[in-house]
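Before I ask anything, let me first share the structure, which is written out below as structure tokens.
Order of writing sets the labels: A, B and C. Residues in every chain begin at 1.
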Amino acid sequence: MNWNQNLISQLESLLFIAGDKGISFSKLCHYTQTDGETMKAHLEYMQHLYKEDASRGLELVVLANTYQFVTKRAHAEVIQRMIETTQLTALSQAALEVLTIIAYKQPITRVEVDDIRGVKSDSALQTLVARALVKEVGRAEGTGRAILYGTTTEFMQVFGLEDLTELPPLPDEESEEEETDLFMTKFQEQFDLETVEKG
Amino acid sequence: MAYEIKVEAFEGPLDLLLHLINRLEIDIYDIKMTEITSQYMEHVRAMQVLELNEASEYLVMAATLLSIKSKMLLPTMPIDLDIDGSYEEEFDPRDELVNRLLEYKRYKEAAAELKTKEHQQSHHFSKLPSLIEIEPADKELVLDQQYEVYDLLGAFQKMLKRKMLQKPLSTRISKAEISIKDQMQQVVTRLKRAKGKLAFETLFDSSEKAVVVATFLSVLELMKRQMIQVTQSQNFTDLEIELTEEVLENELESEFD
Amino acid sequence: MNWNQNLISQLESLLFIAGDKGISFSKLCHYTQTDGETMKAHLEYMQHLYKEDASRGLELVVLANTYQFVTKRAHAEVIQRMIETTQLTALSQAALEVLTIIAYKQPITRVEVDDIRGVKSDSALQTLVARALVKEVGRAEGTGRAILYGTTTEFMQVFGLEDLTELPPLPDEESEEEETDLFMTKFQEQFDLETVEKG
């Protein structure tokens, strides 16, 4: 079989972007516009290739019908070093996201945070509580009486805020776009008018 | 002569002036004040109708133009005050305006270049940092790092990007039929891999509605067939799904029907 | 030079996990317990390797002072089949101008930006802050203690800059050479200062 280098390259970039989410076989065919047989052969070849090549850090695996890259087991130690270091000194992206949502929307329940992020947030939330950046501020009405979360004074110290009103507004893109469009439309009309008058 | 006005959005009076200078092919170092002033006024009159936020800035510039124009109408009378007869460098009332225009023009051009860079960069894609679950700290840990509000906004931007990645393509892909049978199979397989027990929610990690629905129906079906049990240890705690021992220990007969 | 395949493999795993957060040179050295010279040589080799190998879908780049993987330009079309093609709303011309002025003259106050543009810039500036492209970097001396603005790492990521010295040079005006030089000198000084502070 002749391996299509460009296809392999495309697959590498797609799988990279998909990250932990992976991509199903049929989607890979669709995105690269490749027939199933060719795809199957190439994916098998790639699985072999990544595994055998000692200079590759990734492996291509199939989990729950999706293809995805995972890091090689042999690097667990190095990766652990990175994660621990980051963990001790910094908040993870997930934690920062959850913190942002809580800061702007407090009081808010975990389920509402999950909805906004589109992924579960429990462990990030736990970290934030453990770090005293977020705390329980009450219970929601209704069934379940879910816990409401809010930010702490510790949060304000860490982020150098005097009070919550100092938070800058979040992007509100749609309304901005509309305004511009409205403006441009009016503008256009005005000029068309002028041109006609002059012409 | 009727000419077509190419409509652009003007970013303020300086931008409008640059546009006029360009269109009228005026030398920026020797601006014809009469011509440009009348053109400028014409545009501003048209724009005033729009009740622009920036109306006052446009008017201030109009006044500046008029003032420059009138200064230039005055005869220049070099007054020789110096004993040695040399003149002070001639003062041109347009100088300050020209300098402002040139400076603004520089940034406007640089902005265009940056936009190109942004465009180029937008053809490269990246992934978000992998989420690696680590045991959350159980005791209070005070952060030793100072953060700024920008970190929150940055995180929010990244989240928006990730949500963009998660958006299922709605129109272009013909909807794949998800069979309950396959889904039942998968639920059992996942439970087996997890030694027979999983939190209810972990089964529903797909962002595709159809998959979630099919998974739910398959769970109901498996319960009906008494292949799994759903338990909850306390009110409001997570539901747990458990394979019955029989299923766990035996090879799955490959088909559901 | 003998390339250490295991090191390359480790770097590939680490960079995969870090994604668009990237990893700084010094951290890469720390995590893999490698000396700077070896690291430098290997990273350069990898940059070359990924670029030249037609079966690779990724490139190793430096953005905002961190090493990170990005997909090759050639695959943009294929990738856009997978993700939403619409970028986050494009920046308005006003926002782009304000951003440019801040990028070249940072730290700078809003009033100074207004002066250069000849028009008020508050709402454009607000958008930029919300989009995390611009942030407060301090307060000006004197009355009012106006907020000073500067660009963020997000800005460098979005505009593909390794660091701020990579900004394209401001267009010159011939007859303005003197002024430009003066400006550039100051600019240079500013950067030297920054570099010293950072270094």
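Note that a residue touches a chain if its C-beta (ideal position, glycine included) is under 8 Å from a C-beta of that chain, and two chains touch if they have at least 3 such contacts.
The chain lineup, named per UniProt: A, C = Segregation and condensation protein B; B = Segregation and condensation protein A.
Note that this is a predicted model, so its numbers are computed, not measured.
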Would you mind checking which chain's C-alpha centre is most distant from the centre of subunit C? A
Among all chains, which one's averaged Cα position is nearest the averaged Cα position of every protein chain shown? B
Please compute the C-alpha centroid of subunit A, do the same for subunit C, then give the distance between them in whole Å. 20
Return the distance between the CA-based centres of subunit A and subunit B, expressed in whole Å. 14
Send over the residues of subunit A in touch with two or more other chains. 13, 16-19, 27, 30, 79, 93, 168, 170-171, 180
Sites on subunit B at which at least two other chains make contact: 9, 125-130, 132, 148-149, 153-154, 156-158, 160, 165
Show which residues of subunit A lie in contact with subunit B when the two form their complex. 13, 16-21, 26-27, 30, 64-65, 79, 83, 87, 89-94, 96-97, 99-101, 103, 117-120, 123, 126-127, 130-133, 144, 154, 158-161, 166-168, 170-171, 180, 183-184, 186-188, 190-191, 194-195, 198-199
Of all residues in subunit C, those that touch subunit A in their complex: 3, 5-6, 8-19, 21, 23, 27, 30-32, 54-58, 69, 71-72, 74-75, 78-79, 81-83, 88-89, 92, 126-127, 129-131
Which residues, counting only subunit C, touch subunit B once they are in their complex? 16-21, 59, 61, 68-73, 76, 79, 81-84, 86-88, 91, 93-94, 96-97, 99-101, 103-104, 116-120, 129-132, 135-136, 152-154, 157-161, 167-168, 170-173, 175-176
Parts of subunit B lying in touch with subunit C, wherever the complex brings them together: 9, 11-15, 29, 53-54, 57, 61, 100, 102-111, 113-115, 117-118, 120-130, 132, 148-150, 153-154, 156-158, 160-161, 164-165, 167, 169, 172
Would you pull the subunit B residues touching subunit A in the complex into a rising list? 2-5, 7, 9, 46-47, 49-50, 125-134, 136-149, 151-160, 162-163, 165-166, 173, 176, 186, 190, 201, 207, 236
